[in-house]
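Next come two complexes built around chain A: one with chain B, the other with chain C.
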Partner chain A sequence: MTVDLDKYAKPGKGYYIALGLEGSANKLGVGVIKHNLGQLSTTNRAEVLSNIRDTYITPPGEGFLPRDTARHHRNWVVRVIKKALIEAKIKGTDIDCICFTQGPGMGAPLQSVVVAARTLAQLWDLPLVGVNHCVGHIEMGREITGADNPVVLYVSGGNTQVIAYSKQRYRIFGETLDIAIGNCLDRFARTLKIPNEPAPGYNIEQMAKKGKHLVNLPYTVKGMDLSMSGILAHVEGLAKDMFGKQNKKLVDVESGEPITAEDLCFSLQEILFSMLVEITERAIAHVNSNQVLIVGGVGSNERLQEMMKLMIQDRKNGQIYATDERFCIDNGIMIAHAGLLGYRTGQTNELWNTICTQRFRTDEVFVKWRDD
Partner chain B sequence: MAGVSSQQSVEELPYKLTLKVPFETARQALIASQTLSPDPILKGNELDVTYDAEDTTLLLKFSGISDRVIRVAISNVIDNLKTIVECIDEFDGKKDVLFEEE
Partner chain C sequence: MTDRLVGQVSGYLPNIPLEVVSQGAEALVFKTKVHPYIEKPYLQNNSEYIIKFRPSKPYRHPKIDASITKNRTIGEVKFMAKLSKLGIKAPSVISADYKNGIIWMECLGSELPNGEVSSLKNWLWYLERNESEERCLADDVKLACNKVGELIGKLHMNDMIHGDLTSSNILLQNGEPMLIDFGLSSYSGLPEDKAVDLYVLERAILSTHSVFSDKYNQWLLEGYEAGHKSSEFGKKGNKKLVETIRKLEDVRLRGRKRSMLG
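After this line comes the complex of A and B, so read on.
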């Protein structure tokens, strides 16, 4: 049994095209996707026509604030939409629906983008489709990697969740109890005054590669959930001792060698990623799966992918799926893709129903396009 | 771009202000009003905003508990209007246009 995805197809048209707008955090993304009629499969893949992103980068030591991020998105949204249309070589008349991120995310940036979506939808008389950001990541990850029913580890600046599909919902098996993993890494990057270009997490990853000594940090898995704010406070304390006024020298217990900023990055990654691997492995055991799909910005971290791979290799037919930065880091194409799946199963949002919300849980979405 | 008129009355929300924003067509004014109106007003007991399209004019009526509240609200609405106007400039009547690199 499969869901009929062509009940709402336009007569005489062999394909669908969706425009997707994303702006829930500091990335502004616009993408154009094409689905041909029929089920998506290995022989009938979704086609990425364009995927443009413009990231709001703040100076080292500074995070991105909602107001400033919203201003960035407002400044660029029309230009980025135009660029996406140009690259995709499509006209407004080719488009079936305009998809936008309805949440979760930062309120002001979300709102600044939906204004453009609403205006364009009315100008060109196209339906709007609101998309859950997390579901966007999951569906794009599945489509790109071909993982059909994986346990999903969703790790980004604002979210940390272990998710598995059951009965038309993406259900949350475990999640952070306080801050997201990307937030933890970003904030530590700020403490060390590491540049935010191209991404703070990327720069931590590069520094961690040079780390050798594992510094003792708290390990805080709480059942299926995890807590990271205590770890952040601890490692920030160490960094302040080392690089602040006190100028305290820390040494590695075994070798007697001095601890460096690189060692701190390395240790922070190792401890955080071990926690993720633990709860992911438990979720896999629960649902009897052997596939793990990693999505979200932190998912582009190669060390995390490597650690997850070591775990999954010990399982029978274990398989890990991950995507590269084009699809891991927030983008418009995933919103277009997930929105189009919704559209093909009858979802459209009237204008009054396009209000964005900062809190929008993954399991609130009824996954109409799957029935396995 | 806007004609501003201000008057006060002794209601619950004593500070009032009306913005009139002209558009090229009635449809554009309507689209602007329908784009702005879905979003809820924060602090509903301190501020009220209504959006209307009258012919080619977008009518924005603000009433608030203080002039400060109104100033913040107007600033927000104008930020959003900029996006709307830019969208109209770039895309209105161009649904069947294939855009090209300039």
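After this line comes the complex of A and C, so read on.
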């Protein structure tokens, strides 16, 4: 049996429209999504009406601080919402619900976006729906790729999790024991003073394409979990030796050629992504699945996608699903989509219950819209 | 496809009939009736043997791949040899080829009514799917969990860390549990490492057997405590137990309360 998604439909209206607001990190995203009545399927897809994003970019060598990021979101949120509504060709009164990121994320940016959400909800007299950021990524990934019941690798600036669905919850099988993969890459980019425009991870990816020599780095997988802080400390140490006051020259043992910054990026990516693919494969084997879905900002890395593909090819009927940067990187449309699924199963938040939280585990969400 | 991998292993082991048992995350497991060097070995089950093959992973850089395959195969063989010396239940090693990632070992475990291997995971899943709630929490399940915990306690008392404790890496034979799959094993006396080992198991139970996970985890811990309190370890056992459990609480907190940005 499937869940009835139209119990809360407005009489006489053949569709739903949701506005999604996302601002858990340095991206401010606003999206408008449309669902027609009935189950979502290959013939009844969710329709993206608009998907606008504005990223707060800091100078090379600096990360984004919560206070400054929140100010960026406050300054831009009205303009981005207006742009999204114009692009979607809708008015506030066409909307069924306002969805916002309730967590996890950075406190101050989350707060500034939820204030906008609450204001709109009262202005247009609409219900609010709080969305778990991770569930947003998963649901959008499933909708875009058509993956039915995949093992999800969620890799972004603040999260590294291997997730699989079971009994109406997205359960976490493996995750990082210390820092997140994106955080690890961003911090290394800062050490090397790699620009943050368009994204530090993207620039590392481009540099890694030019790298040839593999530098020895630790490899730390613990069951389905992994640890990355030791690797970061190690590679940062190497970078400081090479580009700091000591100006030490490192050479590749086999070829005798000097090690470059590109080689460091290459080695870091190879080792981190090998670990990610390995824990994903462990989870796949553990739950007897054969589908993988990669979501989150780091998921748009082509090398990671390529490695995952090579892994899944060696498994029976293995299939890989990945999305491009529009849906991988934080965006408003995923919040709108997951929020609308919640709304269609009667999950809305009263005003008093719209407080954001920095800590909101993926498995805390009751997935009412699935019952397989 | 897996055919490629089967082809690879047949290349290393010519003329050995192989039957695929399962494809784990990093290894393929085969069954065979051929023993590499003795006709009548002194093993419980001397008609069938397991061959575990770690194929090279095309996604990894060749250098990383070669070192991981070799290190894990050596690590696993040594760990198993040490376990059999200590008398902790695990399959015995028959032969190994480090470079190609092949281990030949004793075939343990039995078959469940539905034809699957009698791992703790398969057994609990079988009960959950086919039987009542009371059956899932019956005395023999409790006893099995206790025994598993005891086994892990014994392992930790010898400063050995499994590294990948999940319900699929525990085999049951006539109600007696034994450990398998030591690719991520290590040696450490630190409470931290032992606590992480336990935490990994706790989380695996929580995500794989979520309905009754509270009870299962409780029973496992009870067994773990009993393992430390056994007379062979004397007073030292209790001290180590207290340290590890305290650390486990830290590790749990680290997991749940970690701030997750972005």
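Everything that follows uses one rule, which is that the second predicted complex is superposed on the first by the 372 of 372 C-alpha atoms of A that agree within 3 Å, B and C clash if a C-alpha of one lies under 4 Å from a C-alpha of the other, contacts with A are read in each partner's own complex, and residues count from 1 in each chain.
In this text, a residue touches a chain if its C-beta (ideal position, glycine included) is under 8 Å from a C-beta of that chain, and two chains touch if they have at least 3 such contacts.
What you see is a predicted model, and the numbers here were worked out from it, not measured in a lab.
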Report for A:G105: first if it touches chain B alone, second if chain C alone, otherwise both or neither. second
Looking at A:M307, would you say it contacts chain B, chain C, both, or neither? Reply first, second, both or neither. second
So in the superposed three-chain picture, is A:S166 touching just chain B, just chain C, both, or none of them (first/second/both/neither)? second
According to the contact criterion defined above, which of chain B and chain C contacts more residues of chain A? C
Figure out whether A:K82 sits in contact with chain B (first) or chain C (second), or with both, or with neither. first
Given the touch rule stated above, what does A:S274 touch, chain B (first), chain C (second), both, or neither? second
Contacts of A:K245 with chain B and chain C, given as first, second, both or neither: neither
In the overlaid three-chain picture, which partner chain does A:K7 touch, first (chain B) or second (chain C), both, or neither? neither
Based on the A-chain superposition described above, do chain B and chain C contact any of the same residues on chain A, and if so which? none
Within their complex, state which residues of chain B touch chain A. 31-32, 34-40, 79-80, 82-84, 86-88, 90-92, 94-101
Flag every residue of chain C that touches chain A in the complex, lowest number first. 1-2, 4-5, 23-26, 55, 57-61, 63-64, 68, 163-166, 168, 184, 196, 200, 203-204, 206-208, 210-211, 254-262
Residues of chain A defined as touching chain C within the complex: 24-26, 104-106, 134, 156-159, 164, 166-167, 169, 171-173, 175, 177, 180, 182-183, 214, 219, 221-225, 270-271, 274, 277-278, 281-282, 284-287, 297, 306-308, 310-311, 313-316, 330, 358-361
Residue numbers on chain A that touch chain B, as the complex places them: 70-71, 74, 77-78, 82, 85-86, 89-93, 111-112, 115-116, 118-120, 122-125, 351-355
